[in-house]
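Shared chain: subunit A. Partners: subunit B in the first complex, subunit C in the second.
Then we have the complex of A and B:
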């Protein structure tokens, strides 16, 4: 297992280097001169000398490799430079906005876990029942709904009409309930469909037939044997959703007026703040890779035969 | 006196296609005896086995007739009553040992699970009971097998584990569905020997196979099936040396031919 972990960790390095180079090229060829933007922010009539001075101060006068190394070292020192959107240190912005998005995505994942697993289990246990058919219809509908529309609908119904929530973000967990729900509903529906199908596929396996022949009840077979073996595809997709949810949170943050990393990324892109945007993209890439790695580890723990199949324990 | 298991007018129909796979067959088996159901693939032998084990989905199959175990019709029992019998008094050995066990659960845990359902043993003695059964089935390194996952063992070892489960629960009737198909010659001989020992200890053995060599080795009674019907029944030695039915003869000839080809190729 140790060998596998080291192997996987090493395999992440080229991926991260690739992502960071692509993001850096985005900064370099964005066509916007950060030194000029910063100089003009202080003085609209900034002279070329002043702009040059800012460029030197910010270390933007070096060659591309030098500038890349300086920027990438920010991920180790915490100094990513100045944001031309907020005129604050990018690290300060990230420290402020990232926990908000993490809370939103965390709660969305919690909704996904709590709602999708029991529904999928019930659908598989009572396959082709009215409950199964009804759930199928609802989940297909749920997967097709655009999240921004769902967000607006939740706001109109639960905040404006029922007055259970406020339209503007509330402090604490309550402020996360509606956006996380709107963000997670398509994911929940997708996972219900996928997990049901995974459970049914496992239920047709030989070991299930033999478990029945050993005298085990259907419920016990489903919960103690089939459930665990049906989890790996769900764990993989669930971890991939983590990255998708962070990016998707930008829309929800805009709908619910939340200032998270998603909306920060959007505003950085809109104002051509390529350094902030690239820094955010690399951080999201790190989270995405880490989530996939954790998913792999969970799968190996749940189903040790996966490691046996690949013969790399 | 009633037989241990008696099949009366058993008929199995696939509902969707209205296709009859087993046509009103009758046979019986007493304790300490063995019966081998022989026939080509698709002749209905596995369906017969599965119906006896309650493994056929009533939504897909229509089953009529009677399967009497000690005089009780298994087809009329509730799910709870069936669970008490299956895996305990009536044990099953499936066709492919490699896929018969939960791949994510250790062998020992799966055996303990079966044991606790059927045998009243104190918690402390359970592990010993499992280890003893594994040793009895010929698995010398029982402790290692107990802590292994199914994918860590060979097909032959897994077949032994399945036999150990039968030994562990003191089954009175063992139904084995082509138990030698997935095995090499050495493991096949060992498995047949294990069945012989089971029979000698008083357990009734019903084996379904299309492997004539295995049938000859096990001996006892033989029942030839074709297209869902029993076409010939009798002692193994009699049927295999002097078959009455032309189908049985063609089966034996095909089997001899296959054996010869195997011999030449080896």
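Then we have the complex of A and C:
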């Protein structure tokens, strides 16, 4: 187990290096000269000499590999340089915006856990009942709801008409309720469907028949025996959604006028602030890879017998 | 096969929605009562009338016409994307299975890199680099999604390659190209078509998301996501403007999803449908 963890962790290093090189090339070929933008910020009529001076000051005069090493070392020292949109240190921006998005995503994950598992269990327990059919019908549409539209609908009904919430974000946890709910609905619907079919395929296994023969009730079999065995695909997907949710939160942040890392990334892209953008993208990729890794570990912990199957493939 | 599809109500509903949207996209100019781009400020937020069946938007443009033309953007961008993605996926996926060990490792590594970047992020970055435009949206979504298609084809192909009929074909002297085109691809097609159909829903949502974020399309385009963005400023006075485009996106995406999932049930009944 320990050896496996170390092996997996090491195997992520080349992928991360690849991701960072890809992002860096994006900076290098974005066509906008950061030195010129910063020089012109201080002085509209910046002379070429001044721009050149800024370039040297910011260490942008080196060759591509040199600049890459400088930028990548930022992930260890915390110094990514200056953002050309906010004129602050990129690390400061990220430190300010990241917790907001993390809160939003965290709350969405909480909604997902709380809402999807009971529904899936009920669907599997009462297979082909009206409840099951209804849930399946609703979830297939729910998976296709554009989150930004759902966000607006929630705002229209709950904020504009009912006045339970405000359209502009409220301080504290209340401001997160609507965006996180809108963000998580498609995820919830997807997970309900997946978990239901995972539970059903487990329910057709021999050990379930044996448990039935022993006289255990269906509910008990479902909760005590099948539940755990049906979890691995859900854990995998759940962890995969994490990265998607961070980016999806960019959309929610635009709808609910929240300032988080997602909207920061988009505004950085729109204003060609490629250093900030690439830094954000690498951070999101790190979170994504880490989440997949954690999901993998949870699965091995839940069902150690997967390990054997996994090594074969 | 067709008989089985027609007997499945979910598949029929999905097909009807898909056909309706495709037809709307094709004959939008005939259906639309007005020019979707014609601005008439006098008619700002005009009520529904015989000339404008669903009223007018903030610039006095006909809402119904804009919604109908929106189908063109949705279909016209997502279908070419899916065509290209399928071709790329089939080519690289089979190449990685049949092209030897080095090819497999290299492709797998590149896929790993792209898969660890969420699709929307890649898309946003590409549009940021290339600028607005239809072709750029297509490129952005393809760069964001090709690795998933390649992975899928590779996974399907790996399962098929282990089967006896491939071995039999090899023993009887079947060349590598012929093996891929005559045996491998036809046999992974059913699963791949299911994957493609459900991916269309994802692509439609992604295009609207780009348009909503103001990436890729010029402002004022009658794309559904862009219409939502334009309408978001009048959430207090005219919330109904926000409802229509979202319903269009939802129904279109759901049509493909319904059909795709029903197709999966039909094709893979008896197998593990996870």
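Basically, the second predicted complex is superposed on the first by the 308 of 313 C-alpha atoms of A that agree within 3 Å, B and C clash if a C-alpha of one lies under 4 Å from a C-alpha of the other, contacts with A are read in each partner's own complex, and residues count from 1 in each chain.
The rule is simple: contacts are C-beta pairs under 8 Å (C-beta built on N, C-alpha and C of every residue); 3 or more make two chains touch, one makes a residue touch a chain.
Because the structure is a prediction, the values reported are computed rather than measured.
*Asks:* Does the subunit A-based superposition show subunit B and subunit C clashing or fitting?
*Replies:* fit
*Asks:* When the two structures are overlaid on chain A, which partner does A:294 contact: first (subunit B), second (subunit C), both, or neither?
*Replies:* Neither subunit B nor subunit C is touched by A:294.
*Asks:* Of subunit B and subunit C, which one touches more of subunit A's residues?
*Replies:* Looking at subunit B versus subunit C, the one contacting more residues of subunit A is C.
*Asks:* Could you look at A:233 and tell me whether it touches subunit B, subunit C, both or neither (first, second, both, neither)?
*Replies:* A:233 contacts subunit C only, not subunit B.
*Asks:* Looking at A:248, would you say it contacts subunit B, subunit C, both, or neither? Reply first, second, both or neither.
*Replies:* Once the two structures are laid over each other on A, A:248 reaches subunit C alone.
*Asks:* Counting only touches as set out at the top, which of subunit B and subunit C does A:160 meet: first, second, both, neither?
*Replies:* In the superposition, A:160 touches subunit C alone.
*Asks:* Please indicate which partner A:19 is in contact with in the superposed arrangement: first for subunit B, second for subunit C, both, or neither.
*Replies:* So A:19 only meets subunit C here.
*Asks:* Who does A:210 touch here: subunit B (first), subunit C (second), both, or neither?
*Replies:* In the superposition, A:210 contacts subunit B only.
*Asks:* Working from the superposed arrangement, determine the closest approach of subunit B to subunit C, counting only CA atoms, in whole Å.
*Replies:* Minimum over all C-alpha pairs: 16 Å.
*Asks:* For a test of understanding, state which residues of subunit B touch subunit A in their complex under the given definition.
*Replies:* 53-55, 79, 83-88, 91-92, 94-96, 99-105, 113-114, 117-118, 149-152, 165
*Asks:* Subunit C touches which residues of subunit A in the complex?
*Replies:* 14-16, 18-19, 22-23, 26, 29-31, 140-141, 143-146, 148-150, 152-153, 155-156, 160, 167, 194, 197-198, 201, 233, 243-244, 246-248, 250-251, 254-255, 265-266, 269-270, 272, 274, 277-278, 281, 284-285, 288-289, 292
*Asks:* Under the stated contact criterion, what part of subunit C meets subunit A in this complex?
*Replies:* Touching subunit A: residues 109-110, 112-113, 116-121, 124-125, 127-129, 201, 205, 208-209, 212-215, 225, 228, 232, 235-236, 239, 242-243, 245-246, 249-250, 253-254, 257-258, 261, 272-274 of subunit C.
*Asks:* State the interface residues of subunit A toward subunit B in the complex, per the touch definition above.
*Replies:* Listed in rising order, the residues are 205-207, 209-217, 224-225, 228-229, 302-305, 308-309.
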